[in-house]
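Chain nomenclature is as follows: A, B, C, D, E and F, assigned in order of appearance, with residue numbering initiated at 1 for each chain independently.
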Amino acid sequence: GRDLFSATHEEIEIGATTDIYFIRTKEILEKMNLEGTEIVAEIFAGGAGIVAGIDEALNLLKKKDVKVWALEEGSQVERKDVVMRIEGAYSDFGIFETAILGILASSSGWATAARECKQACGEIPMLCFGARHVHPAIAPVMERAALVGGADGASCILGAKLFGKKPSGTVPHALILTVGDTLEVAKAYDEFMPDDAARIILVDTFQDEAVEAVRLADALKENLDGIRLDTASERGGVTPGLVKEVRARLDQAGHNHVNIFVSGGLTPERIIELKSLGVNGFGVGSYISGAKAIDMTMDIKEINGKPIAKRGRIPGKTDSPNLKRVL
Amino acid sequence: GRDLFSATHEEIEIGATTDIYFIRTKEILEKMNLEGTEIVAEIFAGGAGIVAGIDEALNLLKKKDVKVWALEEGSQVERKDVVMRIEGAYSDFGIFETAILGILASSSGWATAARECKQACGEIPMLCFGARHVHPAIAPVMERAALVGGADGASCILGAKLFGKKPSGTVPHALILTVGDTLEVAKAYDEFMPDDAARIILVDTFQDEAVEAVRLADALKENLDGIRLDTASERGGVTPGLVKEVRARLDQAGHNHVNIFVSGGLTPERIIELKSLGVNGFGVGSYISGAKAIDMTMDIKEINGKPIAKRGRIPGKTDSPNLKRVL
Amino acid sequence: GRDLFSATHEEIEIGATTDIYFIRTKEILEKMNLEGTEIVAEIFAGGAGIVAGIDEALNLLKKKDVKVWALEEGSQVERKDVVMRIEGAYSDFGIFETAILGILASSSGWATAARECKQACGEIPMLCFGARHVHPAIAPVMERAALVGGADGASCILGAKLFGKKPSGTVPHALILTVGDTLEVAKAYDEFMPDDAARIILVDTFQDEAVEAVRLADALKENLDGIRLDTASERGGVTPGLVKEVRARLDQAGHNHVNIFVSGGLTPERIIELKSLGVNGFGVGSYISGAKAIDMTMDIKEINGKPIAKRGRIPGKTDSPNLKRVL
Amino acid sequence: GRDLFSATHEEIEIGATTDIYFIRTKEILEKMNLEGTEIVAEIFAGGAGIVAGIDEALNLLKKKDVKVWALEEGSQVERKDVVMRIEGAYSDFGIFETAILGILASSSGWATAARECKQACGEIPMLCFGARHVHPAIAPVMERAALVGGADGASCILGAKLFGKKPSGTVPHALILTVGDTLEVAKAYDEFMPDDAARIILVDTFQDEAVEAVRLADALKENLDGIRLDTASERGGVTPGLVKEVRARLDQAGHNHVNIFVSGGLTPERIIELKSLGVNGFGVGSYISGAKAIDMTMDIKEINGKPIAKRGRIPGKTDSPNLKRVL
Amino acid sequence: GRDLFSATHEEIEIGATTDIYFIRTKEILEKMNLEGTEIVAEIFAGGAGIVAGIDEALNLLKKKDVKVWALEEGSQVERKDVVMRIEGAYSDFGIFETAILGILASSSGWATAARECKQACGEIPMLCFGARHVHPAIAPVMERAALVGGADGASCILGAKLFGKKPSGTVPHALILTVGDTLEVAKAYDEFMPDDAARIILVDTFQDEAVEAVRLADALKENLDGIRLDTASERGGVTPGLVKEVRARLDQAGHNHVNIFVSGGLTPERIIELKSLGVNGFGVGSYISGAKAIDMTMDIKEINGKPIAKRGRIPGKTDSPNLKRVL
Amino acid sequence: GRDLFSATHEEIEIGATTDIYFIRTKEILEKMNLEGTEIVAEIFAGGAGIVAGIDEALNLLKKKDVKVWALEEGSQVERKDVVMRIEGAYSDFGIFETAILGILASSSGWATAARECKQACGEIPMLCFGARHVHPAIAPVMERAALVGGADGASCILGAKLFGKKPSGTVPHALILTVGDTLEVAKAYDEFMPDDAARIILVDTFQDEAVEAVRLADALKENLDGIRLDTASERGGVTPGLVKEVRARLDQAGHNHVNIFVSGGLTPERIIELKSLGVNGFGVGSYISGAKAIDMTMDIKEINGKPIAKRGRIPGKTDSPNLKRVL
């Protein structure tokens, strides 16, 4: 048997992840000699947001004999806006309907959530730390979509690479617990890590965060780039008061140069509140990774040049000036 | 370049989808000669539900030199219950922390939502139709998790196969629009499809649903197994009144044998309401596919035999009688 | 015995519908030789709205020896505004207190609701279809009040006539069901009805509304003035999506000339939503017929020229510049 | 011109208050030679409550060549229960559809509200004082419906008579203001009114209610049957504290025999609260007169012996064991 | 034993009302030879409002060897603003921490509530009538704080005197009940009270308020300065309608010169509503006396010249430009 | 001038804290020769709760020539229950009306809040720490009332003494900050404090609470009775997770004997939640000190043996079987 249940690229490309009824559709069309019927189909968004996944969807379609018009990756859409239009024989692209809708829906959901967080952050960097909440097969898809939406970096190695970035991250609680002392970890990190890796150390593992932050800064001096606050919710999480106090105690000890990074349960609202207290960077996890997909629907709008639609939809092509011919 | 952004099995297994900081952790532990430190880590659930993904996670761990205790796939958990305990060197399993947490979190979310729908359905079959809302790389993971949670079938070909089932489904609106008449499609389906494929036809494409249902039943007679209602939300969706009326009109025309299947925006509440009006099966999409992940957290609880924990957590192994030694 | 329980005009005019205590009051005043006491009474509105019923109330008073000042039919009032002032002997008008208050209260409630709907409609015609929710004895009173409030027409024959209008309406579901086909009814209507009766046909009886609308338009061509949507709530009612789609399908079939009329559970909010989608007329029923009466109260304010009032009210005439001497 | 806008009995019986489209329906059926089509129609209730108006509706139908089954006047119904079934030619009864639905809808609304008040009152008498809020043409219909629903009496002369009762009532504020002293009115009332009219006097016109009540009781002694509290809302209305105090002060002055009646803005909730403090009777106005009509709908269910229905409704007769053949 | 449980001035000044742990602190500091440690402490407000109690707190501190900076009595503060800064040996002022915080917290709560009422009153006088809701030992403290907040007068003899005012008040219900007639009391008051005591008489004891008010005004003429409305909640309290009516009836009787005062359950909202109807003065009780204290916290911010703070607070003096050196 | 604005015992006893109108009442009664009028007055509670302050009120009355009936200190009352009845000349006790009502109202509010907290605590001790939120003159009154309501101890020295208790408390943050180390303070406390003072040390000043707690316990061993958690709200306050973790870490270090005390913003709800996690004692502040007073009202009910009352109240003595003759 296989070890992982996620589909391989080959399985996706041969249609193994499609809904069974598209296979049956193809068979029946062939039996009825209708497999060459010329069709115009449109994909529209079920909600407003940032569209992502266009590029990946086009990669699936490019080997098929179809014409495609689409929005640009990262476009802003309103509810019911058309995202992509496909012309060709349904037999040619029908087996990808499930896959394309799924790619667009989930990627657009992630990109939209990332955009909201980035807008809350403004100039301050926002990294995507959500890989741990999704299946590893799509962690890079999710992180790439977050980067499309505006994230400044991502922790997942493959996700960052797909967007032409280096992955971002520091050290986990696990390392600090294993070593047994935060300062020792900080020193080792400083010694062993490449020069271009920022020295940002978690300070909530063993000790009061403010005490630990000042202790590290006193020891590492200018070598310490920043500290990260990730206080457990059992301890009240990262409160505005904690941020303000850590900033003040670092400053009073002469360490204005030490930046403060915050992670843990962040939302746009919390980002806005904490940003004003002197935070220098945010790591957002489940707000992005758990974003609701933006449902995508594919409608047939013309058959052999005639407008048509199922009940509930308007027959014929939708006026969509932003669509560009891409295939 | 690659066409798809999802990770391949190989990429997952070499750790390419992990958070970068686990790689750094490994390096630093090695530099400090701590790579062999004996560690006990526990993964606990951040919310109540049905756990899924255990089998896939164990497949990742089985090649490593670790001992593992875990709950059974499909177990019910409460918030903070331990799902898995791993003993070994952190260097051995740390790079899978991101992947394992992601597998468990997302699969458990899907299984839990499927369980809620199945409980609403009771004896009536419930199929998972959610593939179109997720990336195709994880469509089979999602559908398998839904089957773990209690779904009776799934539409995604690979998803069903992974659980040892045949995929379920009928025909899409696209086929009916292409052919141009629902009855023609129904006849072709009856003629060309294998005998064991149920004859269930969508009736909301061109015509009033009740008119179309009776027309099909009059033509196909005992060969028609059921009709599917999937009325667009623009037309009010599938209302209780519509179900009641279609059932009554079919019965009055002598077609008690024709079953009614419903899909489209279903939730446990709507299932309970519609079930009592004579529905014979439900196809659930985004309620399952869009389920919130059940966040999973890995905590280090012992190092070299001594209880330990980061601030906010209780040091030492958690009393968890349902864990079984699996590796 | 009588067949109908509503009061005849004669019964109302002799005071048979008054509260018994006004009769007793008259007797006692006579016994005490106070029947000629000069009184000033005012009627004030318990809420804001459009006053209607003034004309009918004055018809009751005109045969009595009283002086009357009143607002004009259709005036806008605020809470506590005086609507009418009567001077004379209480014995002369007391028996009409119940009747006059009832006429003003109910008519003003209806006129106010009609005004709200008309304001929502703007330029688009709004007809009152509420007769079926009220007793036939007052159906014409209600429809007349709706016309005072701004309705453009009314379905009740007598109601329209009282306001100098022709009644409005098309054909009921009953006729279409009896004939058995909408198109046959449409042709008969076109053939047998007078030229000045608009050809507006209900299209939700047997078939999908959009299918039926196009079928009628294709058959009757320029003779079809409009279609009416009155979809049952069991089928989701008349949704915005349905209106938009029917408009689009008619236009695509070349029938821009066919108007769309909507009826069924309309409120000002729904009218505003549907108006923007191309509806050409609305028929409003229970929102008008079921409007809350605007309670009216008659207070004695002067006796023999001296200000007086019961506890809770201000003695003396209220400053009311809009009152005009009418009797 | 006419003085009153309400329809006379003759106008109702010739169909002048019907919706115009029933007239057109009759004409078209005749032109199509379908006027004799055999029809089964059912009227169902749009909400739960007490049905009233059956008797009046049957009086309209009894001269027609139709068979009728109906519930008994005053029956309890649930939403969608059938209230009446009519068999015959639609041409025979169609012109009464508007009238019959209106009679049943409004009467049932009033009867239902009266029932709620009576249930709140329990053994204590409840009178209907709502005539002043409705048009005088239907004041007797409303009061009769209230009596069907359970009211113990009504103030409108004709309304009470239709139910075989004497009207109930005392004296208005107007009489007391005209005479200028409550005690003088009370003495005159005692002197001039028939022996069987209860001596119940309003006590809130000029004076503190408790002071006035004791003053009247001291003067009239055993001749005073009761006092009525109707305090204006500007003065806080009739509060529980007022009722309790008036009862106590009357008792302390030795007048346990004097009953307390309350009117003014009563609802079932307020009745329950005040009843427990020693009130001996209630007069309810706008809660009954302003009750929402229970919408009634007439559906065609069979034509020439075959089940039929418009979209949204179930074809064929509804199983309704409580219907009795009445015509 | 003592009769009263409130602390005497001497008890407060020797620290008998402090929390026991301040005594222990002093002992331990002495044992550790730390009693002379130089400390800077700040008191900050836990909420926004008007600060009162500064003067009283300073009286406690003035005999100690400390330097003090403080806001002015009656200043407006925001949450977290510093109200007072103390420099000296903790042994010198620690025993007053409890007392000072209590004085400031409760006085500031009262002053803030009084300010809200005064702002609602605008130009119209507002008196504090809250003494009956608090212990007599602090009634003068509360009333003084209300005067600081903006009250124009106070009923408590000692409270008014502490602020250099004469106490305000009229006569209680008790006097009127004892004498047995409001007019007799009014005449006696007019005869026996000093010329500069305003003749303001309660009118709700025995009679309808409007009747009684006009009766008093007719009898006392220009000698009657005003009437007071304090209607019991059992009778609906002082409603807007009552105020309006009493004003109108007094004016119609030629007594425009008679002012109306209102007391009983007043809040800023009710004051605003009643003010517009012609009220000339308000007496506010529990809204002021029952105001929530504004919690005050004393933090140590420097020790021997070095910034310090407990976890959760910012070390070092807070930038507070409005503090003035006062001791 | 005086330093403190609170009234002395003498001022209270001569009536200096009464409302001015009671003084005027006395003068007028004397002028009218009514000072000896025999009066029965009752004090009733405006809300449900625990009555306190009876003893102090009786101390004020005992030198007067009056008969008094009262409930016992600490009784449970419902709204409108009579708390005290006084018979005598109004001139004798009228000047104490303000004082007595204030004593009863405020003390009963505090006792009621203390009772709610104690009921939440069950067997676990609950101390009153509210002195810092009230004026020092009434801190002992408040703490005594809390003890009446069920508190097990109080921090205010005089408050505890009035109830025959020793005051309770530990050390403040101020001492720990001054000394500069929590452990040093703990050792000094252990050395210098009397043997019967429990060794309970605050652990949130400088360090992580769990770290500090274990450090103290390791050092003081069996001499440490408990630790107190009072974490600032800026740091999330005392969360359930913190309590659970501190308990676990102490137990794992072998210190089951060390109790956990919690203070800071406690309410009955939070007490119930934290109690179940192993807390051994609670210190409640503002929930008790800031309790709403239970308004008390004194009504005259008889004059010279005749029932009487102001409008809104019932004349005559109220049936009150729990009143006992006390003076």
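Keep this in mind: a residue touches a chain if its C-beta (ideal position, glycine included) is under 8 Å from a C-beta of that chain, and two chains touch if they have at least 3 such contacts.
Keep in mind that this is a model prediction, so the values were computed, not measured.
Ranked by separation of Cα centres from chain C, the top chain is F.
When the C-beta pairs in contact are tallied for E-F and for B-D, the bigger tally goes to E-F. With centres defined as mean CA coordinates, chain B is found 21 Å away from chain A. The geometric centre of chain A is 58 Å away from that of chain E, both derived from CA atoms. Along chain E, residues 206-208, 231-235, 241, 244-245, 311-313 each make contact with two or more other chains. An unclassified topology is adopted by the chain contact network, corresponding to no line, ring, star or complete arrangement. Pairs of chains that satisfy the touch definition comprise A-B, A-C, A-E, A-F, B-C, B-D, B-F, C-D, C-E, D-E, D-F, E-F.
Considering their complex, residues 208, 210, 241, 244-245, 248-249, 252 of chain E touch chain C. Chain C meets chain D in the complex at residues 2-9, 11-13, 15-25, 27-29, 31-32, 34, 37, 39, 41, 56, 59-60, 90, 94, 97-99, 101-103, 105-107, 129, 131-141, 144, 155-160, 162, 167-180, 185, 188-189, 191-193, 197, 204-207, 231-235, 286, 289-290, 292-293, 295-296, 298, 300, 303, 308-313. Here chain F touches chain D in the complex through residues 307, 311-316, going by the rule given at the top. Of all the residues in chain B, the ones that touch chain C in their complex are 206-208, 211, 231-237, 239-242, 244-245.
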